[in-house]
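Before I ask anything, let me first share the structure, which is written out below as structure tokens.
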Amino acid sequence: MENRFIRVTVWGENVHEKRQPEVRAIYPQGMHTTIAEGIKKHLGDRVEVRTATLDQPEHGLTEEVLDTTDVLTWWGHMAHHEVEDRVVERVHERVLSGMGLIVLHSGHWSKIFIRLMGTTCALRWRDDDREIVYTVNPGHPITRNVPPVFIIPQQEMYGEYFDIPQPDELIFISSFRGGEVFRSGCCFTRGQGRIFYFSPGHETYPVYHQKEVQQVIANAVEWAYSPPKPRYATSTCIHSPLGWYEQL
Amino acid sequence: MENRFIRVTVWGENVHEKRQPEVRAIYPQGMHTTIAEGIKKHLGDRVEVRTATLDQPEHGLTEEVLDTTDVLTWWGHMAHHEVEDRVVERVHERVLSGMGLIVLHSGHWSKIFIRLMGTTCALRWRDDDREIVYTVNPGHPITRNVPPVFIIPQQEMYGEYFDIPQPDELIFISSFRGGEVFRSGCCFTRGQGRIFYFSPGHETYPVYHQKEVQQVIANAVEWAYSPPKPRYATSTCIHSPLGWYEQL
Amino acid sequence: MENRFIRVTVWGENVHEKRQPEVRAIYPQGMHTTIAEGIKKHLGDRVEVRTATLDQPEHGLTEEVLDTTDVLTWWGHMAHHEVEDRVVERVHERVLSGMGLIVLHSGHWSKIFIRLMGTTCALRWRDDDREIVYTVNPGHPITRNVPPVFIIPQQEMYGEYFDIPQPDELIFISSFRGGEVFRSGCCFTRGQGRIFYFSPGHETYPVYHQKEVQQVIANAVEWAYSPPKPRYATSTCIHSPLGWYEQL
Amino acid sequence: MENRFIRVTVWGENVHEKRQPEVRAIYPQGMHTTIAEGIKKHLGDRVEVRTATLDQPEHGLTEEVLDTTDVLTWWGHMAHHEVEDRVVERVHERVLSGMGLIVLHSGHWSKIFIRLMGTTCALRWRDDDREIVYTVNPGHPITRNVPPVFIIPQQEMYGEYFDIPQPDELIFISSFRGGEVFRSGCCFTRGQGRIFYFSPGHETYPVYHQKEVQQVIANAVEWAYSPPKPRYATSTCIHSPLGWYEQL
């Protein structure tokens, strides 16, 4: 791994936090701040972390910001439809060019995740449950320092069928009190970009304050990071005369 | 497997055939007709095959046609942009609901394939080459009665990097005279639908007349077929109170 | 699919049934008989089913029997170590040559499954639970006519971490009363052979009498079936002079 | 990633080098020395590298050596059968417990690789060719600083069908003058261990002196590395009473 730090941008919708006092009580500076602090706490000098939110110009995801982002984390819920399509296009293009993307919880229903997956990304849900998270790929770097099983005492239930492509690597499976199961940690590679979906995290519970959850997100930042490199020739179809590779 | 037949719709852009005499010479009734005949020849009473083309109302892919289609094959090239978005949406929804989809050759660049993959689906290309197709998954039903290696004497070169998600199952890899390689047979499952991408087939060469190519397409029709069943509840997110599954 | 029938051999250890009256009460003719009847009931004329047991010469798996077996199902538990290594070798060789293999429940710990997987195949377990089985790959033929969720009222708990390679296709995930999860339906391809592991089924519960379980096993028989074909040249390393494929 | 260094052991059969002058001319200190130097050159202080060879007691792979090995690389060819089974068992156990393993070229036919894969690992081959290596997973860390295509001027041909399980991630595909293709870079996870198979490298050609080959091996060392952690409970089947995970 290179010795340079990873530039992380934590994106938060930041709407629940402003409208619902019970959410603000748990995340007084917004969920994005808690997520950013968790990453910083675990990775220290390995990362440079900033945040961006929906209400900023271009949702805080300008060309300039993305030019200096190695890994983007995404939390959204009630305002998915307010995210501008041109920003979604821009993020999509960046992921295919190598920017890491970590999609959290209700972000499964975001425009960017649906766009990258090609499926509906729908699922079953219910409030007020408890989640148990099991590692099913203990050789994977996202599981480092994560116990084989851990419990999230209060959590929204997300249940199968979860309409996603089969993950390239399935890392976690969760269960809930109602007997539901969920593929809660899923790795995908798309183009030069690496994507991790992690379902724990709800606005009305202190999930992002929990140390195991923070550890997983920090691990995912490291896993999703790629040092910047040129976009592969095939961002469009390229006519390639005989011997083209000798000129590369 | 059920004893009912598989209802196949072979979709063809049918533009090259009308404009280029050299294409018409090879495919006088259009490539779609040759592809349909190849399927019929190999599967006989197992299938009912019809064709549809770009110039028909709704490109021949009306709700009624799709209601009675189990597997759709897709060949397009110069007119991808002329396919209406609402038809693409309709096909996308049908695939996720269980309709099989076989995307052929330049169809890699079609709106529907790009939509389902979530990536650019770009690649390298060059005219006037020869393709050798190797089976790398000999336990897969798409390889039945297909020799371990076969040669397509005249073929356009399609080369890596091919910007697709890692296939759920990789079936064929091809090489070309210029030394290029290509993942030429790729299986994907998306929602309830099964998708096979097969790269052989170019308008200026008689590829769809070749028996091995016909055999692969026929096998793919059988593989991609699912008997109709209700769409999974999670075509949208469903609130699921405790014990919901006891009422199913 | 070919019109010939599938020749299925249902292998049963048949030890618990002889020694434990409570097992005999549920499976008076042995579990293998119930499993065989379930396959026959669902597939009818599509199959020819026979059984074989540990106490027969060569465990009933002679060269002659395997020569006429397209799909083998395997249930064993307390006598895994009594299965002779030369029979394991023979079955291993057949699977790589294209025989389908369906490994049931405690068969996860059999010599043949461990040999094919290359891992320990260990797991967590507990008696006296209830299993809920969720489909996570609804486009897969093994899920045909299987409800999205079904309950097995009495079942042994099998829980993660289950030490297997990541399945080529994950079909079912189960949960248990204790909150455990398990990858309960897993597809693997090895050489020309297709392998399905299905965890439901315990000797002290009537699991193999349950219609959903029978349906899954019948679907798996169809999925795992390949028409006999010659073994690929590469059962050993083959020197291949230039142009070797033109002589095939 | 942790700040500690990675302890690498480069294992070499070291028989060709002693018997064949033309091999000794290319690798005067043995291939293992050249491979070790390449890793050291690319990873510097990130690694501590030593070598071990077949002719040492226990082939240089004692419990003590493996206790202090994070990643093991393996090159063998003419003497695979001389590797003692108890050493193979020991390495197998270590890989499942988290030691990384990089299998090079003719190591495909080693006891340890066959054991981990569960298949024959056979392939086609021919001397005296030229290999072109294409990246097909440009988001993967093993491709960092590796050009999209590179040429190995002199190389043995390894061709499909290569009898391995479908890799968890396919990284490289190669072509040869004879038109053959080969899955030349393959990632597998087994238990807690990560395995990379990389086919370039033959004793009679200076392949391990080539910088792109060295870069890939160095990247693979970093990818395969896991910080030591306790073996998962399920190295054997564990009875797990209700609530077991609350005591972990």
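All chains are identified by letter, namely A, B, C and D, in their written order; residue positions are counted from 1 within each chain.
By our rule, a residue touches a chain if its C-beta (ideal position, glycine included) is under 8 Å from a C-beta of that chain, and two chains touch if they have at least 3 such contacts.
On a predicted model such as this, the values are computed, not experimentally measured, just so you know.
Novice: Report same or different for the chain A and chain D interface, where same means the shared residue numbers exceed half of all residue numbers found there.
Specialist: Same, since most residue numbers here occur in both copies.
Novice: To test your reading of the model: what rotation angle superimposes chain C on chain D by C-alpha positions, in degrees to the nearest 5?
Specialist: Rotation angle between the two copies comes out at 180 degrees.
Novice: If you average the CA atoms of chain A and of chain B, how far apart do the two points sit, in angstrom?
Specialist: One centre to the other, that is 32 Å.
Novice: Need the CA-centroid distance for the pair chain A / chain C, whole Å please.
Specialist: Between these chains, centre-to-centre, one finds 37 Å.
Novice: Counting only residues that touch at least two other chains, what does the list for chain C look like?
Specialist: 132, 137-138, 148, 159, 161-162, 166, 168-169, 179-180, 189-191, 232-233, 245
Novice: Would you pull the chain D residues touching chain B in the complex into a rising list?
Specialist: Residues in contact with chain B: 132, 134-138, 148, 159-162, 166, 169-170, 173-175, 179-181, 183.
Novice: Show me the residue ranges of chain A that touch chain B in the complex, using the header's touch definition.
Specialist: Chain A residues touching chain B: 96, 109, 115-120, 122-126, 157, 159, 161-163, 165-166, 168, 177-180, 188-191, 232-245.
Novice: Which of the residues in chain B come into contact with chain C in the complex?
Specialist: Touching chain C from chain B are residues 1, 46, 98, 132, 137-141, 144, 147-149, 151, 168-169, 189-194, 222, 226-227, 229, 232-233, 245-246, 248.
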